[in-house]
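Presented below is the structure to which this report refers.
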Amino acid sequence: MFFHRQELQHQATPERPDAVYARKLQEVLGGQYGEITVAMQYGFQSWNIHLPGKYRDLLYGIGAEEFGHVEMLATMIAQLLEKAPLGITDEAVQNDPTVAAVIGGTDLQHAIVAGAGARPVDSMGNPWSAGYITASGNLLADFTANANAEMQGRLQVARLYHMTDDHGVRDLLAFLLARDTMHQNQWLAAAQELRDEGLEGLPVPDNFPLGKEDRDVSYQYINFSNGQHASEGRWASGPTPDGKGEFSYVAEPPAGVPMPPPTHPDARLYGT
Amino acid sequence: MFFHRQELQHQATPERPDAVYARKLQEVLGGQYGEITVAMQYGFQSWNIHLPGKYRDLLYGIGAEEFGHVEMLATMIAQLLEKAPLGITDEAVQNDPTVAAVIGGTDLQHAIVAGAGARPVDSMGNPWSAGYITASGNLLADFTANANAEMQGRLQVARLYHMTDDHGVRDLLAFLLARDTMHQNQWLAAAQELRDEGLEGLPVPDNFPLGKEDRDVSYQYINFSNGQHASEGRWASGPTPDGKGEFSYVAEPPAGVPMPPPTHPDARLYGT
Amino acid sequence: MFFHRQELQHQATPERPDAVYARKLQEVLGGQYGEITVAMQYGFQSWNIHLPGKYRDLLYGIGAEEFGHVEMLATMIAQLLEKAPLGITDEAVQNDPTVAAVIGGTDLQHAIVAGAGARPVDSMGNPWSAGYITASGNLLADFTANANAEMQGRLQVARLYHMTDDHGVRDLLAFLLARDTMHQNQWLAAAQELRDEGLEGLPVPDNFPLGKEDRDVSYQYINFSNGQHASEGRWASGPTPDGKGEFSYVAEPPAGVPMPPPTHPDARLYGT
Amino acid sequence: MFFHRQELQHQATPERPDAVYARKLQEVLGGQYGEITVAMQYGFQSWNIHLPGKYRDLLYGIGAEEFGHVEMLATMIAQLLEKAPLGITDEAVQNDPTVAAVIGGTDLQHAIVAGAGARPVDSMGNPWSAGYITASGNLLADFTANANAEMQGRLQVARLYHMTDDHGVRDLLAFLLARDTMHQNQWLAAAQELRDEGLEGLPVPDNFPLGKEDRDVSYQYINFSNGQHASEGRWASGPTPDGKGEFSYVAEPPAGVPMPPPTHPDARLYGT
Amino acid sequence: MFFHRQELQHQATPERPDAVYARKLQEVLGGQYGEITVAMQYGFQSWNIHLPGKYRDLLYGIGAEEFGHVEMLATMIAQLLEKAPLGITDEAVQNDPTVAAVIGGTDLQHAIVAGAGARPVDSMGNPWSAGYITASGNLLADFTANANAEMQGRLQVARLYHMTDDHGVRDLLAFLLARDTMHQNQWLAAAQELRDEGLEGLPVPDNFPLGKEDRDVSYQYINFSNGQHASEGRWASGPTPDGKGEFSYVAEPPAGVPMPPPTHPDARLYGT
Amino acid sequence: MFFHRQELQHQATPERPDAVYARKLQEVLGGQYGEITVAMQYGFQSWNIHLPGKYRDLLYGIGAEEFGHVEMLATMIAQLLEKAPLGITDEAVQNDPTVAAVIGGTDLQHAIVAGAGARPVDSMGNPWSAGYITASGNLLADFTANANAEMQGRLQVARLYHMTDDHGVRDLLAFLLARDTMHQNQWLAAAQELRDEGLEGLPVPDNFPLGKEDRDVSYQYINFSNGQHASEGRWASGPTPDGKGEFSYVAEPPAGVPMPPPTHPDARLYGT
């Protein structure tokens, strides 16, 4: 069960309206790595988890916070839109490049569809899609997905920080950056703990019988381009992170096998 | 520039057609974590990269291999479909539950749209979307995304392995599992190398000035659910993976701040 | 069968081209509540209807009008685009902020893809999706959907009215506003008539046996947030609109039940 | 802020696994009118609302409940999937039509992608899209949208009720049906209260100056099909629900106006 | 303006219900090349056309017919669904493989969402998207798109013809096949007429100054794979269809140019 | 198998950065008819082809070139973005209309998501979708689709040519225009060769028994609009392109048949 309290985790009030920035901020609300994504991702991971105890509590404990982040960003965006220019109703204004420019940079649906409200979309207006989220039932894979999501998210917030000088907006971003710092660290720590406790290991899934895979190509870097420098990386020699092999470098892909002959399906499919 | 050779990296011929399995295999061809995703993801990362040398060569060297994986799976699927039942043209057949069942489990567009060919879709028929891929320009974030993609991909192939007993199919899956093993290891090694060489670190992006974030909440686990076990994890105490702090556990979220008052946009937006 | 006549229901000619406004107008052509949506929605409702007579004739009678609204808007948009600036081919022009601003505010595909033609998209460029429409086979539910669609549509047109001072455009919008007024009234009247004639009632679907639902929570307002004012609304006390109960107000959600234990699916799915 | 408690509002445990039914139940979790839609819809409406007091508290008070409904359905689906058949690994089994049939009717991503977990998709596997939700900033329009959503939702649950005889599943559906009954009644009552209090009226938006619309066609039923029975409905004569006019019936659309001449955009767009 | 008449262009009544076939038929109603696509495509082409006269009349004259094809298919599908099995409410039935098989092969939303009605989706349940349609403002390009659409459409109908033995369904398909035959011929004839009249030519757009393109590679077949047989085709030697050159065959792609150095954007974007 | 060489087929370096133009160029990279579309389309056609020899080699030989075109455009876009303005961090700058205008016209995700890198999207930010591609297994249909794709693509590049005066960009576009010239000619030649060799003919598919279609309407132009000029086109009289009939012109659609009676599905679907 979820409960709501009419408070925000952190203050979310801009110094002044800025409809162009409101659009930019949509990215971390409704984009591929916005707050809706992590809220829903941690939600589905918690509802599907097979392990009771600390990992399950971790997912539940964080998921609800993220819905609160969605709320803070939506609230901030609605305020940034409060004095958004309605449009151009007078030729003089229409020719004022500053006004026109501002309008050119806004999310038009903020005004036309939402009446100056936040929208569940990214900065280019694409609606949020559940195709963004990951919940596989395998925690090591999913915690790696979560670490990535928090990295991409913090990167985007850091970029957005330099696109405004509004102290109210920056104050909220400073808070979100810190929480992303925590969440990056947390998922990396949790992934390591899963491995330390032997619950899952590399390569994911580590209890698929290794003998069933083609072990002769399990640690080969095979170079399908013509750059030579990849041989200098630690992915090209030395022990592998899974502790089960040694990397090797294959400068040229070995010859392949002939392609199978073309197929001939039922004539009533009218292929040529 | 890309070049094609009419060979396959590994044999891809089933023992017998199986239209139901062909549909399942679409997941690792055209799904969120299928081969099209990694091929396009490594492609965009390589075209956008800022660092010359080994990391760039790594991205180029692997990307082309993945397009070859797309080709192997498409070829395999077309063969699995070769004798796909066309449909039901006779009442006796229509009442044969085995035939009906097989048809119920197929991707109908394999026959109607592609004439027994592979499709750029997942196992439920959703067309592949570029919204699946990640290429942020920050290599530590992106290599983490890549490690996740290879984990999710190998997990799906491992699951698919048990859904067939066709030796030809399993032979291809054994090869793909091994390459996913390599690629998981490789991206984790590359992520570590970036950190060892000081090119990027935690929290990503590590050259955003830490002083600009709310450091007092950067390492707090704040528990928004009522499970108590999350306090037992290494994400709740001890040094953080970024080496810059100590985790702490906050059992109850601190009081928030009041919500800002409702907004009042231009009356001509006709809100209530 | 549908027939076309090369006339428009109402004049649709702007005083002057305005490529920025053309983009805005796309919202009510190809957006979630644009004319394509209502045309296709009334179409599918009429093709699926189970009742002969006046309700069926109503759906047929209105649907074709809406396709004509699509046509009027598309025609208007093409004219608004007639003198759209092609782009920037000269540095002097490129630095003219007015030109740049106009270009910043246009739908780029109007020029690049459609050659100054209307597009089947909304104001942010999202292609129209059949996922917007509703046709459930239950007329009371669907007429309520229709009333909502006409309300949202009229609201958007009213907002757009203030974003231009072109008399030709406003003349068309004045016509569309009036038709939306009619259609709002019509669907509300039709919904009421369904109830008056006993064809359907509240709660929809009203012939699902009420005894099969948990009647003890059928009229409770349960407050999952901490605001106290919802108790003052007519949804919190007094008779319910379906005439079958009395609203009550529950200030705190009652205790829930324990969550079921985590699941343990087949080991070959490689969960953790 | 949102908080989570590890309890469910109502018991959600099936008597026995049923992977085919799990797929069907996805519709009311992740479909156009599933629980994710209402949870997110009420969320965005509350974050964008302009009125303090009872309407705002209403939106907040209900929104969090809906996220709990998402959780109950996801939990139920994961349990229905617990013993889902993994696939076909043996020719004898492959020819068992019952097993094949079950597999034909499942959501393949439940196994391959989620490892027997719930997915944020509808019953046909389409990922949930934020394009489903409505939050316009106008409460009368939005409460009508909400009433429609609860009608469509209850209709779908009623249909699903007859597609299983599992007492555990039916017990949860009985609870959800009752809550949908409440929510239908509540939004209709709230819409009426808005009108009674003069905050908004018909036609929405009622403070757009009526004089600016084409009043001569504001209450005409214009018949674009050839059925004659629509003239018998209350939408064709008598006073209009907005109290501002009288319906009239126009059996044949009046003649239109000539289409404007074709456009001639810049030659460098290479139209024909 | 569009007008509707309550008649069908051709009879559309199945001999008996068949919910599995209803799903298959969705492909040519709401798929990439279904009737909605051609109806909307010809619509947008006609609303955007720049030429008065026969080409414009052609587009208008055909577009309305296609909306009638949408209606015939929707009507047929609703009838095919009339006796669709509701689901499984009894264990005995649940174990009847024939019933289970049928249910496995249906579009679940036909029952749950549409109450046994047609849906605006393809055979795999993907909602129709306006991203399918083409209307570029260049008639030679668009008539080629139209010819392709009618070819793909007729191909799909031909495949569907063999998936049923219902005489009523086949009777409708025989009609649609004939109309697709007409429309293929018509668009090819119209494309030829455009060329004969000098309104447009090859390469499209033919009034872009040829001198501005790299004429030395305008007619070279450059072989990026290792098959040698492409040299045998008429695309590898002889005069080109545009009448402006001679094909030549280049067995190996010439050496390329070095890639530009990696970019170095603003440091505040935090790339690596 | 695919191989990569770190070279470009043609130089791809702009004279100067231009973030607004970078966004426009996305159309021919990631739009409906961009290079990703043709690369993937030719790929799937080659993997599904049934004919060995020259047609198969043609598809393989061209597909890899198109992936190289994707790479050239992505590389160009990244360079156009190199000095993209980061945003507005200072009030003075914020009020500079030129800067604001430029920002209004950019793809915001270029900066926020990709850190000044190319994106797999079109000029309006829609992610590339596999729903754009066509691979039916019937080569005459597919080569017509390919000819259309190259026409639409060349048209878009021609339009883009006039939207910049950057010599580096125009130099690349000149190359792409020439290759599109080749590919248009090539697919038309290949389509003709298929017909000349009797592998496929008109109407597609030509081996579906013509006797099974309604031959009486196979060559009728039926006029569903009221324009009279369509009778003047060669699609209205004379021999048909398939050589199997004579066009005729039907000025008024013949009377249709009555619609079937409404359906009455199972009462438990709760229709009205």
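To keep things simple, chains are lettered A, B, C, D, E and F as they appear, and every chain counts its residues starting from 1.
FYI, contacts are C-beta pairs under 8 Å (C-beta built on N, C-alpha and C of every residue); 3 or more make two chains touch, one makes a residue touch a chain.
Because the structure is predicted, anything quoted here is derived from the model rather than measured.
Visitor: Hopping along touching chains only, can you work out the least number of steps from chain B to chain E?
Guide: Shortest path length, in steps: 1.
Visitor: Taking a step as a move to a touching chain, how many steps at least join chain C to chain F?
Guide: The fewest touching-chain steps linking chain C to chain F number 1.
Visitor: Quick one: which chain's Cα centre is the longest way from chain B's?
Guide: Centre of mass proxy via C-alpha means gives C as farthest from chain B.
Visitor: Where the centre means the average of the CA atoms, what chain is farthest from chain D?
Guide: In terms of C-alpha centroids, the chain at the greatest distance from chain D is F.
Visitor: On a C-alpha centroid basis, what's the spacing between chain D and chain F, in Å?
Guide: 34
Visitor: Could you put a whole-Å number on the gap between the CA centroids of chain C and chain E?
Guide: Roughly 27 Å separates the two chain centres.
Visitor: At what distance in angstrom does the C-alpha mean of chain D lie from that of chain C?
Guide: The separation of the two C-alpha centroids amounts to 12 Å.
Visitor: Chain F: which residues touch two or more other chains?
Guide: In chain F, residues 1-9, 32, 48, 56, 60-61, 63-65, 68, 75, 78, 86, 97-98, 100-101, 103-105, 111, 113, 115-116, 121, 124-127, 129, 131, 136-138, 140, 155, 158-159, 162, 205, 208, 224-225, 227, 253, 256, 263-265, 268-271 touch at least two other chains, as defined above.
Visitor: Just say which it is for the chain contacts: an open line, a closed ring, a star, complete, or other.
Guide: Topology of touching chains reads as complete, every chain touching all others.
Visitor: Which of the residues in chain D end up touching chain B in this complex?
Guide: Spelled out, the residues of chain D in touch with chain B are 1-6, 48-52, 56, 86-91, 95, 97, 100-101, 103-105, 107-109, 111-113, 115, 121, 124-127, 137-140, 194, 199-200, 205, 207-208.
Visitor: Which stretch or stretches of chain A touch chain B in the complex?
Guide: Per the stated touch rule, the residues are 5-13, 32, 53-58, 60-65, 68, 75, 78-79, 81-84, 86, 111, 115-116, 126, 129, 131-132, 134, 136, 138, 140-141, 144-145, 147-148, 151-152, 154-155, 158, 161, 170, 174-175, 177-182, 184-190, 192-193, 202-205, 208, 212-225, 227-235, 240-242, 245, 247, 253, 255-260, 263-266, 268-271.
Visitor: Using the touch definition from the top, list the residues of chain D that touch chain A in their complex.
Guide: By the definition above, chain D touches chain A via 1-9, 30, 36, 40, 43-44, 47-48, 60-61, 63-65, 67-68, 70-71, 74-75, 78, 113-121, 127-131, 133, 135-138.
Visitor: Under the stated contact criterion, what part of chain C meets chain B in this complex?
Guide: Contacts found on chain C: 155, 158-159, 162, 268-270.
Visitor: For chain A, which residues are in contact with chain F within the complex?
Guide: Touch residues, chain A against chain F: 20-21, 23-24, 27, 31-32, 97-98, 100-105, 122-126, 155-156, 159-160, 162-165, 224-227, 253, 256, 261-265, 267, 269-272.
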